[in-house]
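Here you go, one structure.
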Amino acid sequence: MNSIVKYITDVYRAVKSLVTGMKVTGYYFVHPGEIVTQQYPENRKELVMFERFRGEVIMPHDDNNQHKCTGCGICQINCPNGSIEVKSIQVETEDGKKKRVLDQHIYHLSMCTFCGLCIKTCPSNALKFGNEFEHAVFTKSKLTKVLNRPGSTLMKGVQ
Amino acid sequence: MTELINVTEPDKLTDQPEDQDKLTEQLEEQEYIINMGPQHPSTHGVLRLVLSLKGEIVKNIQPHCGYIHRGIEKMCERLTYQQIIHLTDRLDYLSAHHNNEAVCLCVEKALEVEVPERVKYIRTIIDELGRLASHQLWWCSFGMDLGALTAFFYGLRDREKILDIFEETTGSRLLQSYNCPGGLMNDIHPNFQKRVKEFITYFRKKLPEYDELLTGNVILMERTKGVGFLSLEDAISYGVTGPSGRASGFACDVRKHHPYSAYDKAEFKEILYTTGDTFHRYKARIDEMWESMKILEQLIDNIPEGDYSAKMKPVLRLPEGEYYQRVESCRGEFGVYIISDGNKTPYRIKFRSPNFSNLSALNIIARNFKIADLIAIGGSLDLVIPDIDR
Amino acid sequence: MTNDQLKEKITAIEPEAVFSENKQYLTLSIPKEKLFAFAEKLKGSEALKFDFLFNITGVDRQKSLEVVYHLDSSVYRHVLVVKTETTDRENPRIDSVCSIWHTAEFHEREVFELFGIKFNNHPDLRRLLLEDDHVGYPFRKDYVDDNIVQR
Amino acid sequence: MKFDEFRDNDSLELFKKPGGNILLTTIDDIIDWGRSNSIWPLTFATSCCGIEMMATGASRHDFARFGIEVYRASPRQADVIVVAGTIVRKMAPVLKRLYDQMSEPKYVIAMGACAVSGGPFYYNSYSVVRGVEEVIPVDVYIPGCPPRPEALLYGVMQLQRKIKLETMSDPRTADTQRPKKEIDPETDFNNYQFGIR
C-alpha cells in the first residue's frame, strides 16, 4: 500500500515540477515580443558596435594621407605577443639632417589579443582600435597588414 | 579503450553452465577501464579521465591533464608586469577579471602603491558582474549535462546582458584585460551605472525563473540529491575552495576572510551548506548569484569620483622579495605568488588555480557512485580546464 | 594572531626553523630532513592547526631547488610560508607531505614534472601535464627546447 | 550578403574550378546548396573561444539559422571541426585523429588567434602548436581573441561560399583544400594587404 502511495506521489511531483518548468517556457512561447535573437547578416547596417569595441588596431589617417606614427617602436616593445613590427628607414630632411621615419607598420592581426598596450603606450596617439570584426579569410597571410597607407607621411607637429 | 581481460586458465573452462558461471564471476570481479575525454562534451574542455569501473560503479578516477598545458608561468618570466595581465586572462577565462586583479593587487602591494578608491569600487563591481556571468554559464552547462537544454538558452540569454555591459566599458566581451598595475585601462563608460542597475532589476525577475525551470525539477533532484558527498575534512585537506568547498561547510571565502578591493565596504553573506552533495554545490552557486546582486546594489551608486588609475612608472621593477595575493575567483581561491629579483620581469610567478585543487578531490567525491553520476558531479565542480593546466 | 606571536609558537615546536624577512606572511625555511615531522606538528598542534595547504611552488634558485609551501588555518586564519631546499640538481629528493594534506598529491606531481624534484613516499608520482616522452624539466632556468621561438 | 560585401574574394577566385556540362553543374549546385546549409559542427572546444562558440549557438546569435545547430559529439557525424582554442603538442595527435575520423567532405575552421597562429603563445612557449594548420589543413581563418559570435557567423558564411564552389568532377580532398597560389609574407612584401579603411 505504502509503495503505491509513494508511486502516485512521485508521479504527482514529477508532473508538477514539469508543469512549473513548462509554465516558464510557455510564457515566452506566447510572448514573441521578448525574442532576443538578432538576425546577423541581414542587420549588418543597424548593427553598431560599442565605441570601445576592440576589433582590430588601425592607424587613422587624415585627408592629406598623413598619420601620427613617428616609427619609434614603443608599441613593438610593449606588445606582449609580437604582433607589431615597425620598420623605419633613414631619410634626409630638407635641412640636411638624417632622420628616422616610418616605412612600414606591420600588424599581424592573426596574433593580436587586443590587450590595448600598444594604444595605451603610444606617445603620439597614432594607433586606435577599429570596430571592424568581419575578418575571416581563406589565406592566413591576408591577416598580416600594413597599417600606414602607401605614400603616407608624418603629420606636421608630431614628434 | 578496454584493458585486456585475462581470465585465469581459460583453456580449462568449457561450455558447461557451471564453468560459464565461473567465467562470469571472474569477469565481474575485474575492473573495466574506460577513457573519458579528452574530447568529451561533459568534461567541459579537454580533460581526460581514466575510470576504473565495476559494472556501473566508479571505483577509481585518474585525471590526465595537460591537453592544454601552455606553460604560461614560464612565459611570464620573460614578460613585464603589464604584459602578464593579458596572459592571466586566458587562464580561467570565465573569471578573467579576477585573475587580472590578483596580479595587479600583487604588483601594487609590492610597489606600495595606493590605488584610488574609485578603482577599488569599479574592480569590485566588475568582479561581481563577472561572477554572475560565470555562474550563469555554469548553470547553462550544468543543465545541459543533465539533459535540460532549455536551461542553456535561458542562461545565455541573460549572460549576454552582462557581456554587453562589459563590452561597452572594457571593449571586450569575455577577456576584458581591463586591469593594469595601478588601476584600470580606461574609465567606466558614462552608461555603466545605468546599465548595471537596469540589469539588476532585470535579473532579479529572471533568477526565480532559473529555480522554476531547473532547481525544483524532479529529474535534477533525483540526479543530484545524495550524490557525490564531500566531507568538511576532505574539503579542507584537498583544498577545495569556492562554492564547491562552501557547500561542504568550509568557510573559505577570501572576500570575507582576507578582504581586498572594496569588499570590506559591502555587506554580504558567505553561503555555507553542510551537506556537501551535488545538489548543495548547485544551490551554493544559485545563492551566490543573489549575494552578488546585493553587493552590486550596495556599491553601484557609491562609486567615488577620482582618477581611474594611479600614477605609475612606464617600467615597473618590483623590489626584491616575495609577494602573494589571494582573490576569490568564480571557482574558488585564486592566488598569485611572485618572486622578484629586482628586474622588470618576475623571477618566478606561480598561479594557484582553484580548479587544480578542486579536480584532485574528484576521485574521492565520485568514487562508489555510478558513472552517470560522475557527469553531475563533474558539472557541479564547475571545472575550467585551461586553469588546471595553465 | 600577529606574526610575532606565531613566530614564538613555532620556535617552541621547532627551534631549527630559520625565519626570513617578509612583510606579508611569516616565512621560514627548514632543512629538508626535518620537513615531514615539522609539517605533522604544524597540522597536529591545537594552537596552530595549519590544516589548509593552499599552494606548493617549485622554484629554481640556480644553485639549489626550492619548494615553497603556503599554509593557512581554517580555524585561526593565520598564514605561514614554509620553504625547504635541496642542492642536488641531478637527483633531488624531498619528503612528500601527501599524507598530511591530500591536496599536495597533485601539486607535488606538478612540481615533480616541471622541476624534476622527486618526492619520497608519494603514492602516485607520475607525469601530469606534459606528454609522456618529454625530455627535460621545462621550468628550470637552464632548460633548452628547440621548439621555443625566443623573442 | 552580397558577393562584394565579403572580404578576401580574390582568394575565393583561386578555388574556382573549370565548369563541366550543364547537367553536372546543375547537380553540383543542388548538392552544394544542401551541403552548405547543413554543416554540422563537432563539439570541439579547448579554451576561451569555445565559450564564444557556445554563445553563438545560444539565443542571441542562434547558429541554427544557418542550418548548423546540431553539435555532434562524435566526429563521424560531423562535417566541420571548429578548432576553438589553443592546440598544444599533447593535444595535436588527438586533434589529428578526430580529423581523420570525420567523413569526407570535411571542413576546418580555425577560430581565434591561438588556432590561427598560436597567438599569444607563439613566442616563448615550449608546448603550443603554432597554428592548427601545422596539424590539419584549414579552410577558413577567423582571427580575434576570442572573435565575437558575429565574427564566427561571418566565418561560417565564408565557408559556405567555399563549399558552393565544389564540383563532382573534381571532388574535394585534403590536398585541394589549400589555394593553388600561396602568398609568402616573408619574401613578397608587396602582397601585404594594405589596411585602407
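Should a chain be cited, it is by its letter among A, B, C and D, assigned in written order, with residues numbered from 1 in that chain.
The rule is short, and it goes like this: contacts are C-beta pairs under 8 Å (C-beta built on N, C-alpha and C of every residue); 3 or more make two chains touch, one makes a residue touch a chain.
No experiment lies behind these values; they were computed from the predicted model shown.
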| item | value |
| --- | --- |
| B-C against A-D, pair bridged by the larger set of C-beta contacts | A-D |
| Mean-CA-position distance for subunit B and subunit A (Å) | 26 |
| Distance between the centres, which are taken as Cα means, of subunit D and subunit A, whole angstrom | 20 |
| Distance between the centres, which are taken as Cα means, of subunit D and subunit C, whole angstrom | 46 |
| Multi-partner residues of subunit D (at least 2 other chains) | 59-60, 90, 120-127, 145, 148 |
| Two or more partner chains touched - positions in subunit A | 36, 80-82, 113-114 |
| Residue list for subunit C, restricted to those that touch at least two other chains | 130-131, 138, 151 |
| Category of the chain touch graph - line, ring, star, complete, other | other |
| Pairs of chains, among all present, that meet the touch criterion | A-B, A-D, B-C, B-D, C-D |
| Interface residues, subunit D side, partner subunit B - complex | 43-48, 50-52, 54-55, 58-60, 71, 73, 85-86, 88, 90-91, 94, 98, 120-121, 124-128, 145-146, 148 |
| Residues of subunit A touching subunit B in the complex | 10, 13-14, 17-18, 20-21, 23-25, 36, 50, 52-54, 78, 80-81, 113-117, 120-121, 129 |
| Residue ranges of subunit D in contact with subunit C within the complex | 89-90, 122-127, 130 |
| Sites on subunit B touched by subunit C in the complex | 64-66, 69, 71, 73-74, 78, 109, 234, 236-239, 241, 250-252, 257-258, 321-324, 326, 333, 335, 337, 339, 348, 350, 352, 356-357, 359-361, 389 |
| Residue numbers on subunit A that touch subunit D, as the complex places them | 36-41, 44, 47, 55, 58-59, 80-82, 104, 106-114, 130, 132-147, 149-150 |
